[in-house]
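Next come two complexes built around chain A: one with chain B, the other with chain C.
This part shows the complex of A and B:
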């Protein structure tokens, strides 16, 4: 194998696939990165067996070949080099990768490419294409609601459903549920449903950065895999194992009625919630919300947001509602869950529907039907 | 089929309640005799020494024969019973024994209202409704206290606190008096008015002066008469005199569990029917939890088999729950482990305990093939 490429391209490529390198593993070779010539490109792959990432770096290829070398060592070395041309050479049978850049030279002991776990290829199945911004928004609004602990593995995933020209993503950690709907660029032929680890989607979101080209998705539930192909300054393929099992039927968790429905300016509500979270920190993270309709119809009404802790003290804040329909109500939420949902909605206005202090609260952006977030309250002594 | 639900903190009692008044006989003296064999069979006076104006806290029955009673000055007691052995009270020791006895009470029912170290009201309605005769409940209680502590207990059973209390006093020591349902008035009738709770010696002698000696004579008075004589207490005294005292047993502690149970009119072995019952009971428990704003970590299934064997099985979750689905899921799983071998059930109950002041509620997740492998019953 003999080729040359630009330091900055190789560095960027290693940075991308580096996210998939195993950190602790019983299979040491997964701490390596796989390098292979692929037509006029250098192909880089890494996998921790749950996720595999592949990217291609433009190169001048003289002789074909493949090898794996320790990912961290190679990456650190390449990052230390000046932004110049790097010559890479593998003497057949030597197992040592030689790198030369200007007057710097290194020899890195590698392992045979044949020992590297096969990087799954997904070339059949249901293909879809999504605008990057659409996908990023969906992931940001949903993936955080997935479980991080493994007692019910399927809850660590996000259910992705493709149907017609729409897709949905849903995640639930047992205490909250997030569901987002978005558009596909073109309709899919058949309805498909898979569960993708939330970790993988978060990784994908990071990878998407500010690129604008659409993302291709290829699902093969039969093989238990999904592939995301992102274009941009470089092509990256992320292949993930799907989570096996049945995702809970979440539609029936979404309350169909409410006792109190209030619309708030998001930044105001978020600010009051952040303040209360400071006090809630030392008191089981409980934030209490008391909704009070206006007495004589002057203003729509307000919510009193408070937190207290035995040791530290307490605080209270009032936020005027933009509209309030229904009766007064009391409900308490975990401050983290409240901050999570208000933070992803970010701007504009939020509609909050509640029925009782022990029934789920429903959060939606006021300006769209695309997103719904259900949070179970905390029971507290009022 | 009669269903009984309780939140263990019932406010109003009812005409259908079964109340035990349990009173340890000469408690302090009995503990001293228990600890020191030399005192057994002898007149024991527990209290402060006569030279420091002590009074008798408790006298053993051997001393009582000489006319000694509690709260009597020790000097007087010694005069009446010169051979009496004076023992200084050891309250820590009495408290220790009291705790043992109270916990035996609590094994029988959650509804225990201690009045002092040596007496308590127990609401045993559940045990009676569960198929036990009040007499066997009372005998069982007396026997267990005696077996486990060596102390004797006098027990009165009735449908009200005041009837039970009077009954427990009638055959002391080691007494057992059960007042059958509907015979309360008859039971009270011949007794001296002073026996009635709330009528002290002064009131009693005033009533005697008016020609009212027995409870039946008191009960015969018109309500207006009660109002004249007892003012604000009129209704209370009238109710007690007429055997219509339906105050509930008040537990001092907050309810430790919320449960619902069902006794079947005929033993049931059909697993579908049993599962239906558990499902329904779970729903009722969840409803009660919701109405009391409570969440508990421990879900318990109670079962009584055709041969009266009674047992409970429970699972403690990592989080408190009030969710109907979760309670049902666990209770059904516990039930499924107890089915088979042609077992027939007389009674099933579902309960939740291990309450927390605050906690995160769960989403009622429903999916096909709910996995419950992570739930291991406690042994």
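This part shows the complex of A and C:
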């Protein structure tokens, strides 16, 4: 193997695939990065066996070849080099990768490329294409609601469904449910459902950064794999194992009716919730919400948000509703769940629907039907 | 109903119930027959915990073909002749009940050949009725295959435990035989997996090696003793004081090689270790007592588990003297035990931390486990403010305090923090987190009992549970501290933990402690520096930071002065 490439390209490529390098592992070779010539490119791959990432770096290839070397060592070395041309050479049979950049020279002992776990290829299946911004919003609004403990593996994933020219993502951890709908760039032929680990989607979200090119998705439920291909300044392929199992039938968990429906200015409600969370922290994270319709038709009504802790003290806040219909109601939520949903909605207005103090609360952005978030209340003494 | 004599098939079923209680009884009876037949190698194969199939193969004397069908008549035995023989039983079996009893409640197939006959003989029975018999090819010895056990006694079959439990009982039983008969080669396989395999070399130590592993086998001390008239001999091995176990099941006592259970002899053995073992720890032992057959009555119980001695006091003291002598010969000064209550309980390794750190170096409010939750007011000493240094074995936090080094058990510490938090929340109603979808939980009868007894209290702690028919329940909510876990598993664990504690203990602390214990971070979890700092801060704020709710210490202290002394700086 003999090739040359630019330091900044190699450094960026190693940075990308470095996310998939195993940190603690029983299979030491997964701490390596795989380097191989691929036509006139240098192909870089890494995997921790759950997720595999591959990217390509422009290069002048003289001789073909492949090797794996410790990812962290190579990455740190390349980052320390000046922004110049790097010559890379592997003497056949030596197992030592030689790098030269200006007057700097290094030899890194590698391991045979044949020992590297095969990087899964996804070349057939259902292909779809999504705008990066759409995908990023969907991941941000859904992935946090997935479970973090592993006792029910499907709940650590996000269900992605493709149907016609729409997609939906859903996650639930047993106490809350987030569902987001978005548009595909082109319709898909067949309806497809898969469960992708939430961790992988969060990693993908970070990778997408602020790039604008659409993301291609390729699903092969039969092989249990999904591939995300992002174009941007360089092509990156992320392949993940799918989670096997049946995702809960969440449609039936979304309440169809309500007793009280209130619309709030999100920043005001978020501020009041954050304040209450400070006091809830030392209790059991309980935030109480008391919705009160206006008495004589002047203002629409308000919600009283309060928290108290036996030891620390208590606080209370009032937020005026922009509109409120229905009866007065009391409901308590875990401050963490409340803050999570209000934080991802961020701006604009939020509609909250409740039925009783023991039925789920439904949160959605007022101006869109795309997102729905269901949070189970806590049962507390009032 | 008029009084009448029961038909024979019903009578034998009733009688069989006394002898054959569970699959392990089948194995016991067949093993005894094999050993009485002078076998030098016995293989026991079981499937499905013995209720699927049990096969016992030996290389003993075999049964002459003309006697085979007689063996299945009640009270038919080759081991006794006249009633005087009953006064001095030399064989393990003698009642003539085993084979007909097993045959009455199973499908049984027996193949046998005596060494001097050319052809073997086989017989098949179903529920006690002979369905076929005749000559069969067979190696010397006897093979008995029992299947469909208790299928004609549904009531008995219902009371069988899980295959795992039944396998455990059989394993325990074969283990005892292996220790009682070191010169016989035993092999136990369950569903094709070898559970036990002894060499049959005749040395007890090799049998111990197969049963308890190399550490125990190597460490054991030989004992021998006899009474002044030399009528009784006590022989076997006992563990040195540094090898001990948490229950009595590692003490095996044999009388004339028959495994027996005797409270008096167990007590005699434990007494010999008086002052040498930590509280509630028991020795490992395998001891055979040889007694003239006339001095012991084994006919007091159909399964022959309990025996009566004519001179119990003499046997008692002979045993104690023999054990004491061996212990004293081994070590005039017993090795220093780690202080009970310290987390260094692994013992048996050469490294005894206590020999480096005298007891005074340990703080920690309560050294002996009181066994139950400690009253929060018991200790009022505040926690020192600690600076995190690092983590050891992903289990202990190393911290620097005002006077030296502290080791904090992360699980115990977190347990204390959660316990205090749960207790702080105002009873009667602590908040619960409702589940998006209720979960159906199947409870064992034991768990269901705890559940009914503690229903109100579980509810007060944040569980919401509704009956859902039989032993099924719908779980609708879990305590807030448990939201990070599998809700069904959380409930089951709490029920089990509460069941382990004294059920009659109505203190709600038991429940709080169980919830705290299950929710606390585990040993083996790597913590970040911030997490460790937060945990120590929270621990400091608790009312009783030095012990966990179960009474174990949360921290150990190694004083600066002591470290200096150990390093020879003073």
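To be clear about the criterion, the second predicted complex is superposed on the first by the 382 of 382 C-alpha atoms of A that agree within 3 Å, B and C clash if a C-alpha of one lies under 4 Å from a C-alpha of the other, contacts with A are read in each partner's own complex, and residues count from 1 in each chain.
As a working rule, contacts are C-beta pairs under 8 Å (C-beta built on N, C-alpha and C of every residue); 3 or more make two chains touch, one makes a residue touch a chain.
It should be emphasised that the depicted structure is a prediction, and the values quoted were computed from it without experimental measurement.
Aligning the two structures on chain A places chain B and chain C in a clash. Look at A:247: by the touch rule set out above, it reaches chain B but stays clear of chain C.
By the touch criterion defined above, A:149 reaches chain C but does not reach chain B.
When both complexes are overlaid on chain A, the residue A:311 reaches chain C alone and has no touch with chain B. Of the two partner chains, both chain B and chain C are touched by A:374. Look at A:302: by the touch rule set out above, it reaches neither chain B nor chain C. Legend: residue contacts after superposition of the two complexes on their common chain; A:175 is shown touching both chain B and chain C.
Chain A uses residues 151-152, 172, 174-177, 248, 253, 284, 286, 332, 334, 358, 360, 374, 376-381 to touch chain B in one structure and chain C in the other. Of all the residues in chain A, the ones that touch chain B in their complex are 151-152, 172, 174-177, 246-249, 252-253, 284, 286, 332, 334, 357-358, 360, 374, 376-381.
Across the interface of their complex, chain C is touched by residues 148-149, 151-152, 172, 174-177, 248, 253, 283-286, 310-311, 332, 334, 358, 360, 374, 376-381 of chain A.
The residues of chain C lying in touch with chain A in their complex are 421, 424-426, 429-437, 462, 464, 477, 480-481, 483-487, 489.
In the complex of the two chains, the chain B residues touching chain A come out as 290, 293-295, 322, 357-369, 371, 374.
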